[in-house]
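Shared between the two complexes below is chain A, which has chain B as its partner in the first and chain C in the second.
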Partner chain A sequence: MSADVMIRPRTRAVPAGARRRRRRDPGRVLRLYIPLGMYLLFTLVPFYWMLVFALRPAGSNAPVPWPITFEHFETVWNDIGYAVFFKNSVIVGVWSLLCTTVIAVMGGYALARYRFRGRNLFMVVLLCTQFIPGAMMLIPLFSIFKTLGLINSLGSLVIADTVFNLPLSIILMSGFISAVPYTVEEAAMVDGCTRLRGFLAIVLPQLRPGLIAVGSFAFIHTWNNFLFALMFVSKQDSFTIPVGLSYTIGEYSADFGALAAGGVVAALPVVCVFAVIQRYLVHGISAGAVKG
Partner chain B sequence: MTTMRRRAVPYLLISPTVVLIAAFLVYPIGSVAYYSLQHRNLTRPWADGFAGLDNFRQMLFEDEVFWHSLGFTAKWVAVEIALQLILGLALALIVNESFIGRGLARSLVFSPWAVSGVLTTGIWILLYTPSTGVLRFLGRPEAAVLGNPDTVFPAVVVAELWRGVPFFAILLLAGLQGIPGELYEAAAVDGAGRVRRFLHVTLPHLRDAIVLATLLRGVWEFNNVDLLYTLTGGGPAQVTTTLPLYVAQRAVDSKDFGYGSALTMAGFVILLFCSILYLRLSRFGEER
Partner chain C sequence: MKMKVAWAALAVLAVTATGCGSDSGSDAGSGKTTITFWDNNGGTRTPIYQELIKRFEAANPSIHVEYVGIPIASVQQKYDTAIAGGDTPDVGGVTTSYLANLTGQQALEPADDWLAKSPVNGKLAQSMLDSVRKTVPDGKLYMVPNTSNMDVIWYLKDKLKQEPQTWDEFFKDADELTKKPDEYGYTIRGGAGSIFQVLAEMYSYSGISEFFDASGKSTVNDPKNAEFLTKMAGLYKKDTPEADVTNDFPKMVAQFGTGKIAMMHHNLGSYNDHVKAHGKDNIGAFALPTGPGGKRTIVANPVDGFAVFKNSEHKDAAWKFVEFLVSHESNSYWNQQTGQIPANTEAQADPWVQELPHLKMAVDTLNDPNTQVVSPPYYLPQFSSITKAETEPLFQKVLLGQMKPQEFLDTLAQKLTDAQAEWKKATGG
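So, the complex of A and B:
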C-alpha cells in the first residue's frame, strides 16, 4: 500500500539495555518476529491483492501486477464518476474536519481550564453519546434534515458527521490542552495579553500534535462514513466515495478491476493521513485517558 | 472583565457543542420514541397515524427476523470482541517491544483501522470470490464462502478482525505505555518470569484500558452496519442480520420509519442494559 512509500522508518536509538537483552535471548525471534511477520502478512496481503487487481490488465490472472495498466482507474474516475465522488468526499471531509476541530478546541479548553457548574454533567453527556449507534439515528436525523431542506445536500453530512465526531474529539482535545502548562498562559496575561490572544499566541502552537490527531481523526471518520451518506443523499452527483464504492460492489461485481481501482481511490487519502498521524494518535489516547 | 462575564466564558465555549448535541442527538432520540408509537411509512403516507403499541406487538410476537437478529447480534459482538481482544493484546505487546523498524511496523499493522467498512467489503470480496480469491491457493477452489450459511459467519468474522484488531492494539498500546518500567524491573528482581510478570504486572495495569476498549468496541461492533450491509446484505437468508442492520434495512430500503423506530427503541434498551451490566460486573474504575 502507499503506507510504505509515505513513511520512513524512524530509526530510533535502541536503549543499551534492550540491545543486551536481545543478545541474551534467542527466544526473541520466536516470540517477536514470527508472530509479527504472520500478522503483517494478514494485514498486507488483502491490500496487495487489491493493488494487483487494480493495476493488472482485465482478464489477466497473474499474481503480480505486470504489465501495469491504469485502464481501471480511467474507468472508475471518468466513466463511473469517482472524480465527482472524490470531490464530494473531500468537501465533506474538510468541512467536517474544520468544524470538529474548532468546536473541539473551544469545548476542550473549557473542560481543561475552567471548573464550572455543569462541567461533570457535560462530561457525562459526552461519554454517553458514545453509546448512541449511528445506525439507530438514521430515521430521526432523516426527518430533521428533511425539515431543514438538507436532504441531498452535502451540508447534512457535514452536520451529522461533525456531531458524531465531536464528543471524542473534545475529550481528546481537553487532554492535549491540559498537557500545556497553565503558567505560560498566565505569564502572557500578566504581560498584558487578553486570554484569547494569550491562547492563540502561546497555547495554540503547542497544540499542534493535538490538532493533527483530532483533525485527522475527524477527517478519516467522515471520509469513511457510509450509512449517513447512503440515507441522506440519493442524487448520484452528491454521492461520496463509500456510497459510490458500494454501488460499484453491487453493479460491477463482474468487473473486479474497477472494484479494486475504486478501492484504491477510497483507501489512498485515509491510509496516507493515517501513516502520518499514527504516533500522535497513540500519544493522544494516552493523554486523553490520563487527563480526561 | 467583570466577574459575571468571566463566569460566562466556559458556557460560551461549550455552547456550540451543547446546541449540536441537543439538536442532532438528544432531540432525535425523543423523536424516535414518538415515531415508535406511530404508523409511519414514507412509501405509504395514506396509512400514517397513531399506532399505540402496535409496532411493539408486531416486533415481539410476529417478527421472526427480530428475534433471530438479536441472537446473531449477541454472537457477532461476543466472538468479535473476544478475538479482537486476544489478537489486539498480543499485537500491542509485540509492537511495544523495541526493535529496528518499529515505527514502520506500527504504521503497517495499524493501517486497516483507517479503512472504511465498505472498502473492507470491496477488498474481502476480491479475496472470497471463488474465481479471484486466495482460497484457491489453499486448495478450496470452488468454495463460495459468502453464499453458504455454514461458512459465511467465519468469513465475515475474519474480514472484520482485519479491520478491528488495530483499534484494540492502539488503545492497549496506549495503556501499556503508561506502565512504569520500574515495576517490571522490581518483578524481575523478585524472580518473576515472563509469564508471571505479564499476569501480575501487565494485566492488572491494563484492566481499565481493557474494560474501556471492550466496551467501546462492543458498542461499535453492535453498531457496525457498513460491513455486513455491503458484504452479505444480512444474508444468506438473513443469517447475518444484526439488529442495527435490520433497522438500517427498514429505514433505507423500505422507508418504514414507524416500525424501524420501534426496533431502534428495542436496540437502545438492550444496549443500555448490557453496558450498565458490563460496567457493574467489571467494576470499572474501582480500586482493588
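So, the complex of A and C:
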C-alpha cells in the first residue's frame, strides 16, 4: 500500500459548488433518483396499505390510519391466539436455525475439504432435492413422525424444516469453507492443533457472513412455512404464525383489519432480522455464490 | 458471559419446546373421555365453538372436547393427510362439497342409526338431510347438517331504492346505478369461486330444474343459460370495475365495503362484514331474480355439518357432541352468531330469525313450495376441480372477450357429462 493512500482521508471533501451541481444534474435525477423512487414506491405501497388496514378502525375507508386504533392487534393477539402462535414460531424458527447451521457447517466442511468417491453425485442429489415440493413429502413424513410419536409436537416441525433447509445450506456453506485457504488450517495443525481445534480457531471465525446467511435463510423459511405447520400439528396451542394468519380469512367473510395486523406481527421479526444482518447477508450471498 | 447467556437461552428454548411437544394425556387419570373436534372453518368461528364446548362440558362432565381450528382454504388437504396417516379426529366439520371425497376414502361413520334414536330426529330440515344423502352413492347420512346458506344479491339501500324482481330489471338497475368514473352498479366475481355463482345465476334465469337430463347430459350449455351469460358478461367494465376479472370473495366483499358498488352477488355468510362496513340500516338483500319464465329457481348451496370419523375410539361420546351441536339451543346460538340458516327447524322458528330481514327472506324462499331447488352434483369427485381449476380461467376469458359464452358452456357441460358418466359407471347407476 503506497504512502499517499495511507494518508488519504476516508472521504474526499467535495466543494460546495460541485455538490450543488451534482444535485442539479438532470441526468443523475433521471438515472438514479427517479428509478429508485419508483422502485421504493412500488415496494412500499403494499406495506403502507397493510399498516393503514391494521391501524385504522373497522369500517373506515380513510387513506391514512387516523384515528389510530390497536383493536386489530388486540384481536389477533388475544382472540385469534397470536400470543401462543408467536411463541411457537420463535421456538421452531430458532431451533431450526441452530440445527440447520450446525449440520450445514459439518456437511459443508466435508464437501469442501475431502475428496471422496461419489462427491459430485452427492452434490447433484442435494441439488435435486430442491426440486421436490414439500406437499409431495407430506404423507411419508407424516407416517414417519407418527411412528416416532412426533405428531402434534413442535419437534416434528423443527426436523422437517431443518431437513428441507439443509441441501441449499450445505451447498452454500461448502462454498464459504472452500473460500478459506486450506493452507491456513494446515499451518494451525503444524502448530499442534487437531483438525477440530484448527477448524474452530481458524476457519469458523471467518465463516461469520456464511453462518449469518445460512442461519437467516433457515429462520425465515421456517418462520413462513405454513404447510408443515398445519399438517403435522393438530393441536390448537401448537400452531405457528402462518396458520394463525390464515384464520383471518373465513369461508364467507374476511377480517381485513385482523389480516393486516397479523401480517404486521408476522413480518416484524423478519424485517428486524434483515435490518440487523443485511450487510453480512449481501456479502455472504455473493461470497457463497461465486466461490466453491 | 456471552456464552452463558447463549446456553441459558438454549436451555429455555429446549424446555419450552419439550413443554409444547408431546400429545396431551392429562385427562387419562381423571377418568374423562377426551374427543377431538376439528372445525373446518377455524378462526372467526372459534369463539362460538369455545362457548358451545363450554356448555357441552358443563352438561357432560365426563367428556372433554379438544378444539382444533383448521383454516378453510386447507381443510380438504388436512383431512386427506390425516386419513392417509390414520390420524383423524373424532368429530369434524364437513360440508357436502367434499363429503363424497371423504366417504370415498371410507373415513366416516354413517349417523342414520344414531339419529333414529336421537331426540333431534325429525327436527332437522328435510331438504338439508336430503341434500346430504344425495351426495353419496349409498344414500346414507354421513354428516349431520348444522347450517345452510343461500345465494343473495346484497345492495346498498341508499343507492338502490326498489329491489328488482326479474333479471331484466336487475340489468337495467345495474346500468342506471353506474356513475363513472368510480361508482358501479354491480361487481362480478371473476376470480376464485366464480363458477358456482355463475351457475346459480344462470339456473335462476333459465328456470331449468336439473343439472343433467334423463340421458345424463349436462344442461349447463342450454341456450337460455348461454343467453344469460352473454348478458352478464356484457356488464363487465360497462357497469362493473375492470379489476373484477380477478375478484375472489374477499376482494369482492372488500370492494363492496368501499361503498362504490351498489349490488353484489354473494351469500348470507358475509352479512356481518357488510354491517361492519355500512351499518345495519343501509344493507339489504334479495333472492336471485327470476328469468323470463318467472319461476323462482335456486341452486342449493353446500350444506355444512358434523361427521363422526370411523377411526374414532370414542364414537358414542363423539355422537353425543354432534347431537348437542345440532340441538335447538346450540344450533340457534351458532347460526345467530354467523347469520346463517339453522338446520334445526325449531331454531328456524326462533325470534332472531324473524327479526333479521335477509335471513327471514332466505328461510321463506327456501320453504316456499313454489321455489324450485336445483341440486348441483356435489357427489362427483371431480366437481370441485371442474368448477374451480379447470374452468375458472375460461370464465375469465369470457369476461375479457377472448371466448364466446356458448363455447365456454359447451366445455363446462362436456366435462360434467363425462364426470357423470364415469360416476354412474363406478357406482353401477
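FYI, the second predicted complex is superposed on the first by the 231 of 292 C-alpha atoms of A that agree within 3 Å, B and C clash if a C-alpha of one lies under 4 Å from a C-alpha of the other, contacts with A are read in each partner's own complex, and residues count from 1 in each chain.
Just so it is clear, a residue touches a chain if its C-beta (ideal position, glycine included) is under 8 Å from a C-beta of that chain, and two chains touch if they have at least 3 such contacts.
Predicted, not measured: the structure shown is a model, and the values here were computed from it.
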#### Entry: Touching partner for A:Gln206 - first (chain B), second (chain C), both, neither
neither
### Message
Looking at A:Phe116 after the superposition, I want to know if it touches chain B, chain C, both of them or none. Which is it: first, second, both, neither?
### Response
first
### Task
Go through the superposed model and pick first if A:Ile151 touches only chain B, second if only chain C, both, or neither.
second
### Task
Classify the contacts of A:Asp255 with the two partner chains as first (chain B alone), second (chain C alone), both, or neither.
second
### Message
After the superposition on A, what does A:Phe42 contact: first (chain B), second (chain C), both or neither?
### Response
first
#### Entry: chain B versus chain C, judged by how many residues of chain A each one touches
B
### Message
Applying the document's definition of touch, where does A:Met231 land relative to chain B and chain C: first, second, both, or neither?
### Response
both
### Task
Check whether A:Ile132 is in contact with chain B, with chain C, with both or with neither, and answer first, second, both or neither.
first
### Message
Tell me the contact category for A:Phe142 with respect to chain B and chain C: first, second, both or neither.
### Response
both
### Message
By the touch definition at the top of the document, which applies to A:Trp95: first (chain B), second (chain C), both, or neither?
### Response
second
### Common ground on chain A, meaning residues reached by chain C in one complex and by chain B in the other
135, 138-139, 142-143, 226, 230-231, 246, 248-249, 253, 256
### In the complex with chain A, residue positions of chain C that touch it
10, 13, 16-17, 20-24, 36, 38, 41-47, 66-74, 77-78, 81-82, 84-87, 89, 149, 249-250, 253-254, 257-259, 266-270, 272-273, 276-278
### Task
Using the touch rule from the top, collect the residues of chain A that touch chain C in their complex.
58-59, 61, 79-80, 87-88, 91, 94-95, 98, 135, 138-139, 142-143, 146, 149, 151-155, 158, 226, 230-231, 234-238, 243, 246-256
### Summary
In the complex, the residues of chain A that touch chain B are 1, 3-4, 7-12, 14-15, 18, 22, 32-33, 35-36, 39-40, 42-47, 49-50, 53, 103, 106-107, 109-111, 114, 116, 118-119, 122, 125, 129-144, 159-160, 162-163, 166-167, 170, 195, 220, 223-227, 230-231, 242, 245-246, 248-249, 253, 256, 259-260, 262-263, 266-267, 270-271, 273-275, 278-279, 281-283, 285-286, 289-290
### chain A partner contacts - residues on chain B that touch it in the complex
7, 9-11, 13-14, 16-18, 20-21, 23-25, 27-29, 31-32, 35, 87, 90-91, 94-95, 97-119, 121-127, 129, 132, 134, 162, 170-171, 173-175, 177-178, 209, 212, 216, 219, 222-223, 225-226, 229-230, 244-245, 247-248, 251-252, 257, 260-261, 264, 267-268, 271-272, 275
